[in-house]
Amino acid sequence: MTDDLIGTQEPGGQESIEPMAGGPAMIVGRQPLGLWSDVWRRLRRNKLAVVGLGIIIVFVTVGIAESVSTAAGFNLAPYDPNAVNYELSPEGLGSPPSWSHPFGTDYLGRDIFSRVLVATRISMLVGVIAVAIALAIGLVLGPIAGYYGGAVDSVIMRTADIFFAFPYILFVLLLVTVLGGGFINVFVAIGLLSWAVYARLNRGSVLSVRRMEFVEAARAQGATDLRIIFRHVLPNTMAPVYVAIAMGVGGAISTEAALSFLGIGIQPPDASWGKMISDYLSYMAAGRWWMELFPALALVITVFGFISFGNGLRDATDPKLKE
Amino acid sequence: MAERLLEVSGLSTHFFTHAGVVKAVNGVSFTLDRQETLGIVGESGSGKTVTALSVMRLVPDPPGKVVAGTIDLKGRDLLAISEDEMRQVRGNDIAMIFQDPMTSLNPVYKVGDQIAEAVMLHQDKGKKEAWSMAAELLKRVGIPDAKHRVTQYPHEFSGGMRQRAMIAMAISCNPDILIADEPTTALDVTIQAQIIEVVIEMQQQYHSGVILITHDLGVVAEMSDKVMVMYGGRTVEYGPVDEVFYNAHHPYTWGLLGSLPRLDLAEKERLTPIKGNPPDLMLLPEGCPFSGRCGYERPECRAVWPELEIVGPEHGVHCHIPADERLTLRAGLPRFLAQVS
Amino acid sequence: MLAYIARRLAQLVLVLVGVSLITFIIMFVVPGDPAALLAGKNATPEKVAQIRQNLGLDEPLYVQYGKFMGRLLRGDFGTSYQTGQPVSEMIRENAPNTIQLAVAAVLIELIGIPLGIYSALRQYTFWDTTLTTGALLIWGTPVFVLALLMQYVFGLKLGLLPISGSGGETFLWIIPADLENLEALILPAVTLGIIEVAYISYMQRASMLEVIRADYIRTARAKGVAERRVVLKHGLKNALIPVITIAGIDLGALMGGAILTETVFSRPGIGLMIYQAIGARDMPVVVGGVLFATFFYVLANLVVDLTYAYLDPRIRLEEG
């Protein structure tokens, strides 16, 4: 008909109109909305989630920087975190925050800011490695259970039940004791015990997705089961998993701190926030608050960041939460 | 002369959201008499449901607000009364049933409980009496074994039965007006006919006026006395159902009628959908919302909203195209209903 | 219904067996010899061997496990390698503190329910934002950090409450019957409780927000039901369901002994018992403790599922 006179205007679509003679284009369309840009838009409105994301970015960057510098052998922090300096610790009680040492020094005269900074690396590594391990196991077992159903499903889920039934911290404790201390073992232990969450999450989604038509379509094209699971089904079930990952990293960091606090896991000279909290505990009574405060703050803020973001992500991907 | 129940004038309802103002309903007017059925048709987003919700004052606020107009129910302006008074009206003078009966019934309470609630609220009856009334109502809408059914939960009912239960709930207090928002859309075709039957029956029994909102022209043809065609929040055509169907004057109505599949035409005939997409309710033009899809636009269509023009007995249309030109255009359309009875 | 319960109970047994097996195996893989630890630093090899024989540690694995399961079926959890005390007795000594703490914490966390509801109804207001932010902050705080904080503020600085220990009289095994018992309970219970209050209020708020947007709420309003009643009658029951299940599972989980809290507050309980036993490679105690904790956790899950089915008529016990 006369489409060339007046262009098509799609709701939410790109603007594609010819300006009418003598006047500027009167109609401006909106940007197209893909799934993830919609999620991002909703996420942006959640201030806490944005703050959380900011925190995550800051700490992850520091973590990466620290990892790189440790591997390369140089030190990014203002001072050597292990450099003992008795002059800075009169009476063996450390010195309060000052311009040269913003977080103060501990009982051995070591700069606390540097120690907290270096410990960031450990915490970030925990998050990444532990969750990666858990995902590797969970994202394989979960979809398999959900896709095949029946006996396979039963076996996998019963095993998951057993893992769930264990009191978490105690089980991690047990495993770490078995494997010995050292931070790699801690990460592995935490990771090994968290897979059940991802598996169960995934399985539920897979169960509902596998009956959908595009799976039929793929099968009709001759795709093998494995391919169907990992290429077609899995990507569509990932939204709740991303949320679980964010929360999982927060949880892993928290757990590592708890383990270090109990004295299991990280061994000196490696520093970790949890260990620092434990080490400096006795100095609280003497009023040397800064030693305890800053590692604790770092820990709380980091975990808060992940949980906050995770929650925001969950709200943003929840189809039922209309605005 | 039938009693006039409802008179809506110049109703406008807007939603004030983060992304902009959604003008869902603009300047809509209609009337409803006792035992009359008004069909409101239009596609999704045309403003049909919001119009109904506005009459019930159920528009979520924020972000929605009735920004203009009057709603006159037997002499009272519903927009002017207090919330308490409005609550007396809801369920009592005007009742509404919704599209999806599964989600519209509370899953954790028995069906009898939900029906009895309406009765106890408006009719000052005790619990026992209300429950027996509920059973009676279920029977009246055609649910077998009503006494037993009344103690069941919504998920134990089939789709059609749930809708019947909703109807029972709505008529429980003998309302003057029953608003049915897409009552058959979520149901199987065979059940659809049954539900329409039930509504018609209840209307006759209770002498109520019915506002039927739907996008299904077949249902409208069967049930309505009058029809109001809506597009982009505005009324584009309005009149007795035969008039509007056989003497349609608005290009959108032509499009609606022309896009109906027909068994009697040649096999090679293709369906003619209306080109383009529904309008973005945040970016509506000042004039006719259908401009841009119409195909017969004139320069003034986008900028100025056409005045009401009477083209037949009680039949009005809003369109800038002169009436005689319209008739010519219409006659040239490939599949116009006027050719077949 | 009965078949469902029977099936779940069978599952419970299965899980317990699985847990005991895994724990048993792990304990054997643990480096360190309980006999040597027991004998002390300067013991002669003969002494160590003697102890090993006494404890039956020189027998092959499957024999030990078999004996262990046999005893278990008779209700005998074995005896501690360290003290020779029957494990069941140890559990009985430590359980009350743990149960008391668990119950108290869960009762406290129920406060989260009205908080969450209120927050949902006042969405986007100052109160709501404050509550949500606070909830996230607290929820994210690791429990031992919070415990330390509580200890410092209320114990040391303000001197209000004792910072360690337990004791005093109880009534019916878990209800504090005197001030000493109550005082020692407050800080640890509040610590655990507050973190859960944060979690529950957040979840309740989310649940309520979802419910309030449901179609059946609109129907209730269309019937002319007053807003208050719409929320309290139609909305609440639906919104409460997921949260009650959380509280129930928490109760079960806390039976595992909140080891971190118990450590910080020096409050002897199941958690601490297991922790010390791990260090001493005291296998019967570890296994006994873990079984105790697991049993309650799985039981709690079962009860929660049944309650869920009771509250939500749609879930009347589907198979699977």
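Things worth noting here:
Lettered A, B and C in written order, each chain numbered from 1.
By our rule, a residue touches a chain if its C-beta (ideal position, glycine included) is under 8 Å from a C-beta of that chain, and two chains touch if they have at least 3 such contacts.
In this text the structure is predicted, and so the values were computed from the model without any measurement.
Of all chains shown, the one whose average CA position lies nearest the global CA mean is A. By C-beta pair count, the most extensively touching chains are A-C. Ranking all chains by how far their C-alpha centres lie from the centre of subunit B, first place goes to C. If you average the CA atoms of subunit B and of subunit C, the two centres end up 55 Å from each other. Centre to centre, using the average C-alpha position, subunit A and subunit B are separated by 49 Å. A straight line joining the Cα centres of subunit A and subunit C is 25 Å long. Multi-chain contact residues of subunit B (touching two or more other chains) are absent.
Multi-chain contact residues of subunit A (touching two or more other chains): none found.
Residues 214-216, 218-226, 234, 237-238, 311-314 of subunit C are the ones touching subunit B in the complex. Within the complex formed with subunit C, the residues of subunit A that make contact are 48, 158-159, 161-162, 165-170, 173-175, 177-178, 180, 250, 254, 257-258, 261-262, 277, 281, 284-285, 292, 296, 299-300, 303-304, 306-308, 311, 315, 320-322. Residue ranges on subunit B touching subunit C, taken from their complex, read 56, 58, 87-92, 95-96, 98, 100, 103-109, 117-118, 121-122, 153, 155, 166, 169. Interface of subunit C with subunit A (complex): residues 11, 14-15, 18-19, 22-23, 26-27, 29-31, 132-133, 136-137, 139-145, 148, 152, 156, 202, 206, 209-210, 213, 253, 256-257, 259-260, 263, 271, 274-275, 278-279, 286, 290, 293-294, 297-298.
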